[in-house]
Amino acid sequence: MTLQEFFHMGGYAVYVWSSYAIALVVLVANVVAPILQRRKLFVQLARRQRRERRES
Amino acid sequence: MTGTGAIFCLEASGLGCVRDDRSLFEDLSFRLSSGQVLLLEGRNGSGKTSLLRLLCGMRQPDAGEIRWDGEDIFGLGPDYHTHIAYVGHKDGVKHDLTAFENLKLARGLAAPNLDTSIEDALRQVELWGFDDVAARNLSAGQQRRLALARLLVTRANLWILDEPFTSLDSRGIAIVETLFSNHVAHGGMLAVTSHHQVQLGDAETIRIDLSS
Amino acid sequence: MLRFFHQLGSPKHFYRIAGRWIPWLAAACAALMLIGLYQGMVVAPPDYQQGDSYRIMFIHVPSAWMSLFIYIVMAVAGAIGLIWHMKLAEVIAISSAPIGASFTFLALVTGSIWGKPMWGAWWVWDARLTSELILLFLYLGVMALYSAVEDKRTAARATAILAIVGVVNIPIIHYSVEWWNTLHQGPTVTKFGAPSIDLRMLIPLLVMAVAFKLFYATVVLMRARVEVLQRERNAQWVRELVDIS
Amino acid sequence: MNTPSLSRAFALLLWRDLLLAYRRRTEMINPLLFFVLVTTLFPLGIGADPALLRQVAPGIIWVAALLAAMLSLDSVFRSDFEDGSLEQFLISAQPLSILVLAKVVAHWLITGLPLLIVAPLLGLLLDLPAASISTLLVTLALGTPVLSMIGAIGVALTVGLHRGGVILSLLVLPLYIPVLIFAANAVESAGAGLPIVAHLSLLTALLVLSTSLSPLATAAALKISLS
């Protein structure tokens, strides 16, 4: 099972690897989304709390 | 108007309400029993309407409990609703139906008040003669009085009213105030929000100011 | 035990506990996924009929399972949130919807790609793929409803109702699509399932299925934490958290 | 204290909705016109070959009926929500699911049943054989109430939203698929002389299931939308 054969996937390389590529994208997107959301929320809350501290 | 002399009691303990994650009020408690009036005051947006909707059982309180005769109103459901009548900002009047039909419907959906006919109710709000007029053709004040006439055709002990005097002229306000004082005099209960100074004679009034 | 649930019920504790679990879940998921992929892509023999194209199965089948599993979890969590007013259940239900939709989409895409070499068409009105497509619409309906309602507590409760109605309809829809498929598919009924399961193919499939479940657990906790922060943003513990971060 | 009778409230609400519809009876024609219009679009798109039309006619008519039913759903709660009557139902002495059932039955009588009047005409338009047309009527009679019942849940969920109509179709159409499959296929099988008892029994099962369960879901959805 050489590396070259592995990537060839018995001639179905296009289908197999495109499926796995899409799977990778979907899974990574699902992991990254909450992280970005959390960061955005923290920035928002921090700015709001600074503004409140300045007013009080 | 009940006149049956039965003593009922609405008790709220530790009520809290959050709207669009802004806390309108917290830890609000009061006891309202037969013959008493709960007067809610406070500037716009202080949660008066939300509190009334909590009392109607239309919305779950975010904190605390509301009991009717010791039982949680959400557990009672329709059994609690037989005791109350609600008139909100919207009149709840169908414009395509006549005044008579509107009251006939309201009577059928609630516990009917057998000793007040629809005609009596219309007479008390001075809408007799308009009974076969489609509600669409009534003035705003007349429609408001028609909505309030709904209270008379049902056997509700607790009237929950949100700004009942809006769009009423001075004559209308006088009529409605006599209805309220009769209701309270006969052992009924009233929970009302109003910017207008409500004259209810010597009825025992509990005032709650929500904007404090 | 009750104290644990009660403790978990409070958002602050949930935030902390979930925070501690996520790294472990993520590590376990990654490990299992690597093992599963290695076994599936390297160790497992090619299929006598489909050659190596069947290896798409190792992500298509688990994600199809997950799409249904997550919808059921969403409906159950929604029901718990509705009946016992547990804020946490609502948060879990809502956080699950996008993940479920992603798995459904993934199952659809990999399914049609897998179908291409076998039937020469990108889309086949196969019973399972059609059911999967309808399931995607159900997910999109849930997510659209949640974003349409302004007050997030009301939105969560409305979507819980929709999820419950959806979960009741899923078997009905699946049965009617199967029935429809046998009527129209006629003689060329192709068994779209995995080929005769050789043990060396089954093991990676199950390993990947478990890996996907761990993936779901990790990501749903991550999303739930952000949702909790969003809902509790006026609470004191969130303010402190924001200050120190 | 005589408890207010359930059937009286149900009959009263049914009477009210039918009366309201009667007073605006010109509006009752709209779903029918939509039904006919959509059905006539298909031959213009597919072509007028009778053999082809006859083959796809059951599907076309049922998809058109389904869309007509869905478009008329908005009227179930919309006017009551705007004038405040819906709030009165929530605090009425009757269980809300019974009132909802009355409203949905009224909605079906006003918008669903009339589709049966026009259906034979469309059957002729698409050259359906007689056996198919009679089956079409039976499936519409069994299917349109299910469309109203399930649709009411979607309407109750979106009644509070200012642009609820767009989302309504996304929520409701996937749930309509079983009805479409069983009904359209029944008409097709009838045309081919095949037995349709299986289709009709499944449609009846859907009818019983939706009539018993959907009012509960609709009532719960209304309470949430109006909270």
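Per-chain numbering from 1; labels A, B, C and D assigned in written order.
The working rule: contacts are C-beta pairs under 8 Å (C-beta built on N, C-alpha and C of every residue); 3 or more make two chains touch, one makes a residue touch a chain.
None of the values given here were measured: they were computed from a predicted structure.
**Student:** Taking all protein C-alpha atoms shown, work out their mean, then name the chain whose own C-alpha mean is nearest to it.
**Tutor:** D
**Student:** What whole-Å value do you get for the distance between chain A and chain B if each is reduced to the mean of its CA atoms?
**Tutor:** 54
**Student:** How many Å are there between the centre of chain C and the centre of chain D, using C-alpha atoms for each centre?
**Tutor:** Chain centres of chain C and chain D, defined by C-alpha means, are spaced 32 Å apart.
**Student:** When the C-alpha atoms of chain A and chain C are each averaged to a single point, how far apart are the two points in Å?
**Tutor:** 16
**Student:** For chain A versus chain D, what separation do you get between their C-alpha means, in angstrom?
**Tutor:** 43
**Student:** Could you pull out the residues of chain D that touch at least 2 other chains?
**Tutor:** Correct list: 227.
**Student:** List, in ascending order, every residue of chain B touching at least 2 other chains.
**Tutor:** Within chain B, the residues that touch at least two other chains are 60.
**Student:** Would you please write down the residue numbers of chain A that are in contact with two or more other chains?
**Tutor:** Correct list: empty.
**Student:** What are all the touching pairs of chains?
**Tutor:** Listed in label order, the chain pairs in contact are A-C, B-C, B-D, C-D.
**Student:** Looking at the complex, which residues from chain B come into contact with chain D?
**Tutor:** Touch residues, chain B against chain D: 53, 56-60, 77-78, 81-82, 84-86, 88-97, 101, 104-106, 108-112, 150.
**Student:** So in the complex, which bits of chain B are touching chain C?
**Tutor:** 18-21, 23, 60
**Student:** Which residues of chain A touch chain C in their complex?
**Tutor:** Going by the criterion above, the answer is residues 1, 6, 9-12, 15-16, 18-20, 22-23, 26-27, 29-31, 33-35, 37-38, 41-42, 45-46, 49.
**Student:** Along chain C, where are the residues that touch chain B in the complex?
**Tutor:** Against chain B, the touching part of chain C is residues 85, 150-153, 231, 233-234.
**Student:** In the complex formed with chain A, which residues of chain C make contact?
**Tutor:** 41-42, 46, 51-53, 55-56, 59-60, 63, 98-99, 102-103, 105-106, 109-110, 113-114, 116-117, 215, 218-219, 222-223, 225-226, 229-230, 233, 238-239, 242-243, 245
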